[in-house]
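Heads up, the next two complexes both have subunit A, just with different partners, subunit B and then subunit C.
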Partner chain A sequence: MSQHLITLMILLPFVGAILQAFVPNPPGAGRWIALAASVLASVCGVALVASLQGQTADLQAIESLPWIGSFAISYEMGIDGLNALLVLLVAIIFPVLVGYEWNQKLGRRGVHGLFLLLQCALFGTVCAQDLFLQFFFWAFTSIPVYFLVAIWGGEERENAAFRSLVAASIGNALLFAALILIYYSVEPHTFALKELAGGRFSARAFHLFGSEFPVSGVAFALIGAGLALRIPVWPVHGWFTQIAEEAPPSVLVAFAGATVPVAIYVFIRLTYALFPEILSSASGTIMAVGAMNLVIGGICAVAQRSLRPLLAFVCLGQVGFMLLGIGSLSSAGLVGAVYQQFVVGLGLAGFALLLGIVIDRVGHADFMSGGGNKGERSFGGVAVRAPTVAIVAGIFIASLLGFPGSGGFVGNALVMIGSYSALPGLVLLAGAAVLLAAYYLFTMYRHVFLGKPRAEGAEFKDLSLRERALILPLAASLLAFGIYPKPLLELVRPTVLTLLSTVK
Partner chain B sequence: MITLPELPVLLVAGIAYFLLAGLIILIWGRRLSRHGDWLAWSGVLVALGVFAALAGALAEEGYRAWHLGRGWVGSPGETGAIAVGVLEDPVGLAVALIALALTAVAFSSRQLILKEPRPERIYAALSFSTAGVALSWISLTPWLAFIGIGLTVLGGFFALGARWEENGEAALATRFVIQRSGGLILAVFGACGLALSRAGLSWGDPASWSTDAGLVPVDLIGGICLLAGLFVQLQPFPFLGWALTPSGVPTLLRALSTQIFPGLATFAVLIRSGAELERMGLLVPFGWVQLLSVAFAVGAGLFQSQWRMGFGAWLSSAFSITSACLVFSGPANAFSLLVGVALGGTAVAGCASSLGFGGSQSASNRSRALWARILGFAGMATATGLLLFAPAGGFIQWISGAWNDPLVAALFALAIFAHLCLGWKLAWQLSFVKNLVQVPWVSVLSPVLLVLFGLAVAWRGSLTGGAIPGDPDRVAPSAIELFFNGQSATGILEESAFLGASGTFWTSLVVALALGYWLARKARQRKEPQELKGVALFVAEGYRVDRGAERGLKLIARLGGQVVEAIDERVWREWLPRGADFAIRRIAALAMAIDTRLLSGLRLALRKCVDAPAAGLQLIQNGNIQWYIFFAIGSGVLMLLHFMRS
Partner chain C sequence: MSDFILILPEICLLLTLIFVIVAEITYHGEQVRWVKATALVGLGAALVQTVVAYQYGPIQVFHQAFAVDGLSLFFKLFFITLAALALIASAHTREIPRSRQAEYCALVIASTLGMCVASSASDLLLAFLSLQFVNILAFFIAGYGKRSLHSIEAAVKYMITSAVGGALLLYGLALLFSVTHTMNVYEIHRALVAAPLSAEHTLAILMLVLLSFSFQLGAFPMYFWMPDVIEGAPTPASGFLSLSVRAVGLAVALRFLIAIFAQPGSAEGQWQVLGSVDWTNIVALISAASMLIGSLLALRQEGAKRLIGNLLIAQTGFLLLGLLVLDQIGVAAVFYNLVIELFSLIGIFYVLAYLLEEFKTDRLTGLRGMMGKAVPESICLVLFLLTLIGIPPMPGFIGKFTLIGAAVRHDRLSLAVVAILSMTLSTVGVARLAYSLAGDLRMTVAFPAASSVKRQLFLAALIGPIVLFGVFAEHILNWAGKSVSFILW
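For the complex of A and B:
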């Protein structure tokens, strides 16, 4: 059983999605099946991570089966320090999302089914060790998101969903082109990561229109461009801000809290494993893109008067931080980036969920009045009526800003330490962006939670028992991993050091 | 008897208990009896017990420092690692006890706290702040100290939060937390830069601060960011604007939770890291900047119409003066000034909260009011080092250390004089207030504890605190010399320099006393609050730095709005969709046109292929006999020719 834990972890949500959709009366049975499937899959994930041996970079819990033999495509799964935290992240977030949509009146089975499919796809993406298989799961993630936004989103949901699907499709197409290029550049042809690792095709080139192009350079560029369209990287992020405005809070959580960190993981896995020599020369560019994300994300966030786009730009900034660590090519920087995937995922997930609750209660998302922003509607004084919401929001903000003692501090500090050695100037820019983040996050906090309670918030209630059960564990995890990050860091470090040794 | 190695867990547990008590009071304080003050007091007592155990253990070991370190992120001793730990030394113990004393005085002002709309937030705030100060001073590395500073910021936020429901107070609390958070973030950034090439940054192990490579640019960047962050925490100019903004929170609570406790926590990092920062050559510019800030802070303070705003400016100036003393005279003398600021400043603030224009001059209040005024005066004496109080020796030794450079010594003396002037103006203004808010005797007299703690004999072992060369009035060992390994011994200074510095200081103090009285009388004689104009208004508003910062942020917001408008709205929602739509339609139209042409061409070719034989076949069917005969004869001839060839 333990040998097939990964497969079980992936299959359970898939089976649960189908079962809950077709189970007959009573009507509530479906949601219990959905929750059970999600929780069981998460338990498998947590058990998998807990059973990992630390101090080793080797792939563990390996499952390997031939799939499409004629094209050397195999079902190959495994877990190591690089993807363990992502497994944990997905395992924590998705049962929360299923619980959040517990009382969804419109098409609850559809929502639950789509979340389960997304959970299945994300687990598959994270654990896959065959490029084709990874691409298969990764490309699949765009479909549930499309339907979730298109059916349950806001007024312009169709536009937003369509735009995200187009961006995802273009990104996936570029990624697939890179995979095909890599596949045909090696003899014998293979998609297996372990066989392609170390830049086996670095000396290869292909001819097009009479010119010669290096395989690794072109493939790296295609992968970078393809993933840039799935991660919100400025300036190709426009679809993401629209998703943030139109998607239901739970979908935004699934996106910002899970899909974005997984996209970054895919980038780390592919670039460090397959393109070590290209990475050395591209590291400055990656860091520059990260710094640009941070700075421009921060500047754009300052201008926001609505909670949803503010969250989108906060996410943009956090992605910038992770890219800074990835490009630093240092152990501290990369460990920090990997750790940041986990804590930022948790932080954004919890924060988005909390803001979603607040928006649902108040009925709109505009926290600052004036400036052509739908008249005088604004928040105020939520802390009086809902102190738990205010305290928990404070914890998430502290983590996003990287205050010592919170989960975000560990990742931020490591990324800073690692990035200083590479490009100190960019680190200073990053610092300025974080200072700006303190300004706009606390300003938002003041407008939403402090001050005189507005009359329209008179019915605002504090978190219900169900909501506390969903959100408090996220906040508690952030504090716990901020105070005691050692177990997770010891999982990550050996794999990171091994990856870096191939680059250097 | 608990030994030093057994104490770290106990110390952390004691601080954690205080923190937890504060959290419980914050969340459930309204439901607890007396708003949970009994829980807050229990935190004080537990912390006191724990630090008393530390005192005993240190005494057993001859007051030698002891430390325990642990890896937090990375292995200890590894370059770039983030380590934490506990440093048990007499300095940390002393400051923790001072913090507890200040908190006890604040808690004893129960009537004051109960007047606040949300008293439980005040108890929680002071609990967090005290825990933060204690944590900062027992921390072995900057990282835990940053958590301590963060706790004091949180405490300040909650103290102001007693009135969050008012928009103005909410804005003030937000400004406070934004500024302090920014400072903390900068300090963390700086420490990360220093950590890059060092193993642990442990204050118990100076070797952990040395690097093999010598000073590199990253060290300078890290050091500058660290100092900048600590600078912001101390709220000197240009971060003064917040302190000059009025608030409804009583002076004692506001001063303690938003200036004194954060300042005490910040000095843990400054004093402990001072030697290393000096080796990097960063400390001296920091000191000069702080001296300049004194001038600006005093200027702003003198023009304030409200006493409490002037006091806020004076506290800012006090921390700046203390920082400058640390740079130019060393940690021992700076510590004596810090003790004066903390104890004396709190005593003055406590008395100011008791005396108030909303009170009465009833007979029963007169003696209490008199005591409050006396203790207010005594508090300022504690803070400024009037005879018998700790800071005097610090000021004198500071000036005498620079005596060989008259210009520098004059600048130091001028800064000190300006600081004393403002302080004594405030003290005299207090002494003119006859009204007393209805407070019990314990609230009025609790500053006595602080004044007694501030006596020079408690810290320097001599009655005048090192104001007389050679210390002939020494009656006990000097605690400060014990804290800082024999520094601040007066015997090492030249007697002429010492006499000159001493004369300068005492003259400055007497003149400041007189000038302060005159300024206070002038302020009192103005019946209406003064309407300032021009330069005076500019200075009183903190040199309008905050307005400039606001404008800067609005510019950034406008820029952000334009970027969002350009990229998100125009490019992504208009141009890209339109462009894609246009391109796809054009390509589709082109394809349609090609398709149509191809089809029609095909049709044409097909027709032509079909027309010719069709025309021929039609000829056969047209019923014209000559065509039948022609085809018949023609076919016959063709057959004949075919067979003749074969």
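For the complex of A and C:
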């Protein structure tokens, strides 16, 4: 049983998605099945992480089955310090999403089914130890998101969903090209990550249109660009701000909270394992892109008067932070980046959930009048009417800012320490970005929660029992792992040290 | 006598055809008609005969005019399954009226007979005649919606292009015959090995023949008929034509190109070009142009059927990737993709036929919000489309990977780049169709269309094999590989 936890964790949401779609009336039965599938899968995930042994960098809970032998493709799953936290993250977020869409009027089975499929695909991406399998799951994640935005989005959903899909297909195509290049550059051809690891591409080259290119450089660039198109990374983040405007809040939770960290994970996994020699020369570029992300995200966030674009730019900035950690090539920085994936995922998921609660109450998300917003569409003084919302929002914001005692502090501090040794100048920039973030997030907080209650704020109801149940796992894990991050950090550290040892 | 045993599948098909025709002309208004059932039983028998024929090994019969080998048996299985699925799919539509179902049945079976003969023909004259037979029947099938102007236009277009294509093929074959004085592909091959052709002569023959094949496959440069015919023909007929005409072209092209203009290469399971003209480069050009043109045209279409018609051009380009690398793995990849395409295309046109009937339009704007009205059908359509263009998690992706991989393995990286680009463009084109289905769900969700158990069963019967092809990809590829190694060269 315990040997097949990963498979169980991946299959349960898939089976649940199909079952809940076909279960006959009464309609209530479908959502219980969906919730049960999601929760059971998550229980498997948590049990898996809990059963991991620390102090080792080896893959654990390995499952291996030949799939397409003639192309050396196998069903190979495993978990180590790098992906354990993401299993935990996905496990926490997705049951919350099913619960969040509990009373969806329009095609509830569709929403639940797509979220379950997304959960399945993300678990698969995170655990896959075979390049083909990983791409298989990862490319699939773009499809549920497309339909979720296209069907349940706002006014301009067609445009937003279409742009996101175009970006995602280009990204997937680039990644696919990298995959083919990698596969055919090694003899014997293989997709198994453990066999591809260790700089096997350093001296290889290929010919295209008459000129010669190095395999590792091109594949690295393709992977980087392919993943960058799937998540908000400067300069290709235009589609993401549009998604943030149009997508239903639950999709933002899934996207900002789970898909983005998973993309970062795929980047770490592939680049550190396959191209250690390129990484040391590309680290400057990675850090520069990260810094640009921080700066652009920060400056744009200051100008926002609505929660939706604010979320987009906060996400942009946080991705920048993680890239800084990845590019620093130091143990503290990389551990910080891995830990940051987890806490930023939770923080952004919480932020997006709050956004959903606000939209649910007042029908829009503009917290400040002026600018592009129409005169009286702001609100304030929510803290008086709904103190729980205000407290919970405070926790998420504190974590995103990296306040001591919240989960974000650990990640932020580690990234800062790690990148200081690599590029001290950039750390100053990062510090400035954190200060800027404090400014705009507190401005937002002040406008929404403090001040005089306006007309709309007056009817703001506090959290219902269901909403409390949804927010509890997110807020509790943020607080718990902020105060006591040791078990998770100890899980991550050995793997990270092993990865770094190949780079140097 | 043993010759007859080996052509039992064709005999079965012929008998079925006769039964269907006799049943039709002796029909006097009885309540119960068994035409379709008869046809399906006949097709089933032919299928069994084909499987049985595998054990007799590669062999030539009727004075070497007829080859029973891996290639022909694979294609026979393919064509007979196609005919059975096409007949079942056409039963649920009003586009082909009940009173004329028997006629349609006869046309499909006759066409299948022609295709089976064509895939076995190792005599070029036989191949030419059976191709023409298939094309004439395809002309009737395309024009089956007699009252629709589009259908008539499609049929006429198809007839004219097929006449041109047939003429080009005949010129090419005549040139070849004038040198070698034989019509048997294997003897031609031997003659060419003994006395190589001049480069000009080879080039002329190949140009004529490849042009003709490009018509048959719907590839660049003679692809113009494809979107028109797919759009104009009655939708179930489009489903049949989209596969039959292309697959039979591929069967003949494979035998012609590899048995005549290639010879066993240095390694096991590989071939190399015979003669001084490297025709694989011409095929590479055709393939790349088809992939690009098809997927680019698909971006701009306003009608669902036309969009699929254009995607088919790109799909043909993909299939050619497996042919031009001249090795067994490449051809096995072509077979795998054909099998995947069989189920996905039949499914796509089946659902489109239903949507057309229910909502009277196949414009993308007219299909708005369909997912709310016909939920299982729309979801299946999306799955079929993903399978066709090769997006994970559908097994079409494995197929595309094997084809692109074949190109990369033979250092045709630029072709692989074009293929990946074409996949991306196709995704965007299909996304427009998918969005038009899903988009305005909230407006239409109140009026679901009547569901039908029969329809859902048929859809499940199409999705099921597709999923199995993904899970057991290894076995299918192995079987395709065996079919290839069993070909007479």
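Points worth noting:
Definition applied: the second predicted complex is superposed on the first by the 504 of 504 C-alpha atoms of A that agree within 3 Å, B and C clash if a C-alpha of one lies under 4 Å from a C-alpha of the other, contacts with A are read in each partner's own complex, and residues count from 1 in each chain.
To be clear about the criterion, contacts are C-beta pairs under 8 Å (C-beta built on N, C-alpha and C of every residue); 3 or more make two chains touch, one makes a residue touch a chain.
If you're wondering where the values come from, they're calculated on a predicted model, not measured in any experiment.
After overlaying the two complexes on the shared chain, residue contacts for A:Phe176 are found with subunit C alone; subunit B is out of touch. By the document's definition of touching, neither partner reaches A:Pro487: not subunit B, not subunit C. Contact with subunit B, but none with subunit C, is seen for A:Ala303 once the two complexes are overlaid on the shared chain. In the superposed model, A:Ile151 lies in contact with subunit C only, and not with subunit B.
Contact comparison for subunit A: of subunit B and subunit C, B touches the greater number of residues. By the touch criterion defined above, A:Thr443 reaches subunit B but does not reach subunit C.
In the superposed model, A:Phe135 makes contact with subunit C only, not with subunit B.
In the superposition on chain A, no contact is made by A:Gly28 with either subunit B or subunit C.
Across the interface of their complex, subunit B is touched by residues 163, 234-235, 237-239, 241-242, 296, 299-304, 309, 332, 380-381, 383-384, 387, 391, 401-405, 409-410, 412-414, 416-418, 420-421, 424, 427-428, 431, 434-436, 438-439, 442-443, 445-446, 450-453, 485-486, 489 of subunit A. Residues of subunit C that touch subunit A in their complex: 329, 371-372, 386, 391-393, 397-398, 401-402, 404-405, 408-409, 411, 413-414, 416-417, 420-421, 423-424, 427-428, 431-432, 434-435, 438-439, 441-442, 445, 473-474, 477-478, 481. The touching residues of subunit A, when paired with subunit C in their complex, are 66-71, 106-107, 110, 121, 132, 135-137, 139-140, 143, 146-147, 150-151, 157-158, 161-162, 165-166, 169-170, 172-173, 176-177, 180-181, 183-184, 206-209.
Taken together, the subunit B residues at the contact with subunit A in this complex read 27, 71-74, 80, 82, 143-144, 146-147, 150, 161, 164-167, 170-171, 173-174, 177-178, 181-182, 184-186, 188-189, 192-193, 195-196, 217-218, 221-222, 225, 553, 556-561, 563-564, 567-568, 571-573, 576-577.
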